[in-house]
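Paired with chain B in one complex and with chain C in the other, chain A is shared by the two complexes that follow.
Up next is the complex of A and B:
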């Protein structure tokens, strides 16, 4: 891996993102739907809707709208949101921290716990603990997240009063400092657990399979023959088993932008997922294009980071 | 002064649903406390004068006032205006404003604010107010700081119903003058005259309001603080109420109403008022341009085949009532009683289709035999457009009509797609729309029937209905200020449209508010719903 390689990959991001923006622009504008309702509300007359269309440039030919949009984006201006009446970049940026908090917590939780459970299942392969973990993982993966979210809210909020069912903070209290952080953490528990559950299942099963495969290799057998304790053998096996896992976790980076739409909606978590859903419903085209731009950039960069992580995990992999 | 629409039924329902103990508790307001209200969508901005969006009006009306308010019967009551007179048979309205009203930033409120709001904001950006008043208003005069005179080309009947914070919230001239009202930063940090002042707007999460200590209504409001919490999922809203995280819900899904009603920690009331649109009727529209639906016998057959009681029972869980006239029963003076609306009669539906030339042959779907404008052998197949949230209406429609040999294909479309498909492209056979009549037929009923209201503006005359007599009657109704003279005009209109059936009026759909028993004093019939509310926590 050379700096030149990294630079080349970074340069490739530009045409890829430009292509994605073009496709997204055409897809959104050729799809049925009229943003004028979101802009103007219902019950207007034809002249009023025509006035609003003209004001926001929606009456211009599509190629002209595209040129205007691309010129603006090139200058770093993503336009004004139809619904929010403010710059798209600001509307999106406001939601990034909450979504990041949710996704990073869920991914960290699912990865660490998933790897631990995967190793446990591999070490107890074929025994009742393994069977229980595999069955549990399958169930967690199969359950729709919105259903799991509702069940979690009923069981751990309504049933026990342990956790709140919605929001980022307690609406009745205006806290600051560490009390605020604790309040957010308290509200984070259920959405993060629900979001992690699906990912956790996948991580557990991938780790189990990877570790079992690695434990059956010649180097593991040699290590055992040399008298290495089983714990040390598993540690060596785990490093090789992590490669496919890195791919999976890396591919989840898109979630950072699209958010966990269903989980954010059920738990009223004010993140990008909710923004995406409401922007689709209201045809808030500038915000949707901004989200596409952010999502595509994030996925491309995450893929690059995944490739680099491969080289770090497995020194045999070389990029030129 | 004329009385607004009579909501006796609404009040009776309110009293029936709220238990006697809660009624007693609500009579003893306490000061202080925080009310947490669940709202379904992030409004984006908090200026109700530039939009009719229910999301913005729900979240923001408590920050503002109208010239007039509404009482529980829907009649106009003083708000920013303390009195008014109707002159020149309803062509001129003169308002006397309250003295000593200030904006939240301390600036004095004057008649100039009213004139500016109408001329530069409402008549340019508030879709309903612009559409209804824009073409007939000739001018607004302000002879002094406390007098506003609104003049029309001809007598204009519904004005007093259009001056509350929902239809005409007054915004501050000194904040908006010289700016584009749609992008003014004050839309996200508003300054009004209302009972609550804006404190913070956490995008996607909540809007925080605090008591306006200088509010012009002595002693109000009682609450220290209101938090509008954005919770998109209605199931989560109910869970949040049950978990004590919120105190007030704007609506409760049908299946969960019985659970809340059985729980003495909560109170409930039905109302047909909603900031996004009041007095709504779920209505099936026929595209009268389609040859299959041109024959009134086919439309009558469809009306006869629909068991509207089943719609009420299975979709609304009994929340509402079967429509008995084209105008909502909540507008009591305009709602016609005893009309010959087709009832559920499947054999008669089959007979009407046979007579109209739609025959039952080998297949279960009828085919045309001698129908004007339709090739012989054409199957009686129609599509039915609906919002995804109205899918159950489509399912019942398909089920009921297939029983009489009509094949229905459901086409669920999001609102942003539905509106241009129906009103601009007219690419549909039938659809269902929640037509909200508003407080006066001139506001929400005329647009469904007047021939000038056929496309492309959304939620106008979906049927494409044209009847010169009906047009003339609506114009006459708009010019007639005396209510007892308007009643027979709207009755005539309803008798005609019930005969011609451009629509089938299914069910009236009030919404159910629910709140914690520790709170009370809500005025569910107005956008200033928490002006006199209190919470004992």
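Up next is the complex of A and C:
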């Protein structure tokens, strides 16, 4: 990974972020409805309207407003939430850890189990176990996350009562210390499993394909010919098979965040999904725009990290 | 395509989706919005998938939801395909500055999270199928553009393209008549996989209450079911299953198409 590559890749982030901010700005300004009427009510007099217009800089030319908007966003100032009356950045930041806990748990699950299942499928290629895993992966990949969540809630929460139906903690008890952590973990099981399922399917498929390809290479044949046990050969193959997996994880960032939002909705997991849902219901546009900016930046950063990780793992990668 | 069971299943599921959408009025047992039975009645002979909280037939809702889903998917894909094929073809044919600009644009659109952008647009402009189609269509073309560009890049170097040029064909004619037909099969694979993701997006958006209230949709049914998980499993089970089957069909179709076009290439995942 040359410094030149890192630098060029870093520079590419700037126009991407700028484009996203421009989209947000244009969306606000092309939307129907006059913000002045929304702020001042429909029965104010002309002088008051003019005052409001000047106060919020709405009388300025559009390019000037864009500059102001960009400067504000760059400083992390996303405006005030209509509903909460507090800065959007704060309202969103409060919810990030909860959603991150869900996403990280799910990705850890889907990656470890997916790689294991993928190796299993590759070693049993063409046999019943492989067929079952491939069919399972196809099905899991097709299921909408919110449906899987609903089915899991019906079966394992409402039906058997093994897991809580909703929320982050048990509202009937106030626990502290490790008991609290345990309670959260108990609530985390179903949402994390559901979110992991879709990614698990993809990881399994990718690992299987990668291992099968690597096992067909010359170095795998050499390893076998010198008498290495199959387990060691697969381990060699796996190192190369995992490379494509790294790229896919990055390009799926947006989908994972979307999935998390939908799964949270079903399980009332108090993260960004719940915030998105309540902001939709109350038309809290600043918060929705903030979530859009956050999701976009996440995707851009995830792609950046992916490309850098890929270049680091595979020294053959150069820019252009 | 029909040689493998997976391909056959994909084709059948996709055709069934289209047939259900086209014949919704004839096939649905009732008006999807009409209250035809007691609320939250479990599946029975008269109402195979049961009824929801307003006594509406769930099966009728699902069949009419097919129409919404297909309308959105077909329009989005048509829009995305037009942009994607045009960008990819131009970019692959006239390499250089044009290609650079178009590819930077493609890279950019690729990072725009479609779900969140759609949420913002619908929140600002109000719910409606037209804007949903526009947003998703304008953001779903990069994958198509990339594939068409790659195909075009390799096709323009072929002898038959030189031959066409030697015969005096203009650039446009070479591109449309000789290059694009060769690039389209690969684009079809991406298109069918893309269609599957659009179905999931539309369902997800309707699920969080951003669907068009005038149209019955699978996501709306699933959203409505959320409040009755404890008492009426059927309201949640069937709409989601319909989505899964539609997505599965398009995914299988895409896999089968790519297998047919490049029998030796590794499967896309």
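FYI, the second predicted complex is superposed on the first by the 247 of 320 C-alpha atoms of A that agree within 3 Å, B and C clash if a C-alpha of one lies under 4 Å from a C-alpha of the other, contacts with A are read in each partner's own complex, and residues count from 1 in each chain.
One rule holds in what follows: a contact is a pair of C-beta atoms (placed from the backbone, for glycine too) under 8 Å apart; a residue touches a chain by one contact, two chains touch by 3 or more.
Source: prediction; values computed, not measured.
In the superposition on chain A, A:213 makes contact with chain C only, not with chain B. Contacts of A:65 after superposition on the shared chain: neither chain B nor chain C is touched. By the touch criterion defined above, A:86 reaches chain B but does not reach chain C.
When the two complexes are overlaid on their common chain A, residue A:40 makes contact with chain B while staying clear of chain C. When the two structures are aligned on the shared chain, A:205 is found in touch with chain C, with no touch to chain B.
When the two complexes are overlaid on their common chain A, residue A:306 makes contact with neither chain B nor chain C. Within the superposed three-chain model, A:150 lies in touch with chain B and with chain C [touch as defined at top]. By the touch criterion stated above, A:48 is placed in contact with chain B alone, chain C being left untouched.
When the two structures are aligned on the shared chain, A:283 is found in touch with chain B and with chain C.
Residue overlap on chain A between the chain B contacts of one complex and the chain C contacts of the other covers 32, 150, 153-154, 158, 165, 265-266, 277, 280-281, 283. Residues 12, 15-16, 19-20, 23-24, 27-28, 31-32, 138-139, 141-148, 150-151, 153-154, 158, 165, 202, 205-206, 209, 213, 248, 254, 257-258, 261-262, 265-266, 276-277, 279-281, 283, 285, 288-289, 291-292, 295-296, 299-300, 303 of chain A are the ones touching chain C in the complex. The part of chain B that touches chain A in the complex is made up of residues 34, 36, 41-42, 44-45, 51-53, 125-128, 130-131, 134, 182-183, 187-188, 202-206, 208, 227, 229-233, 235-236, 239-240, 242-243, 245-246, 276-277, 413-417, 419-421, 424, 444, 447, 455-459. In the complex of the two chains, the chain A residues touching chain B come out as 32-38, 40-46, 48-49, 55, 80-81, 83-86, 91, 94-95, 98, 150, 153-154, 157-158, 161, 164-172, 174, 265-268, 270-271, 274-275, 277-278, 280-283.
Interface residues of chain C facing chain A in the complex, by the touch rule stated above, are 6, 104, 107-108, 111-117, 119-121, 123-126, 196, 200, 203-204, 207-210, 222, 225-226, 229-230, 233, 236-237, 239-241, 243-245, 247-248, 251-252, 266-267, 269.
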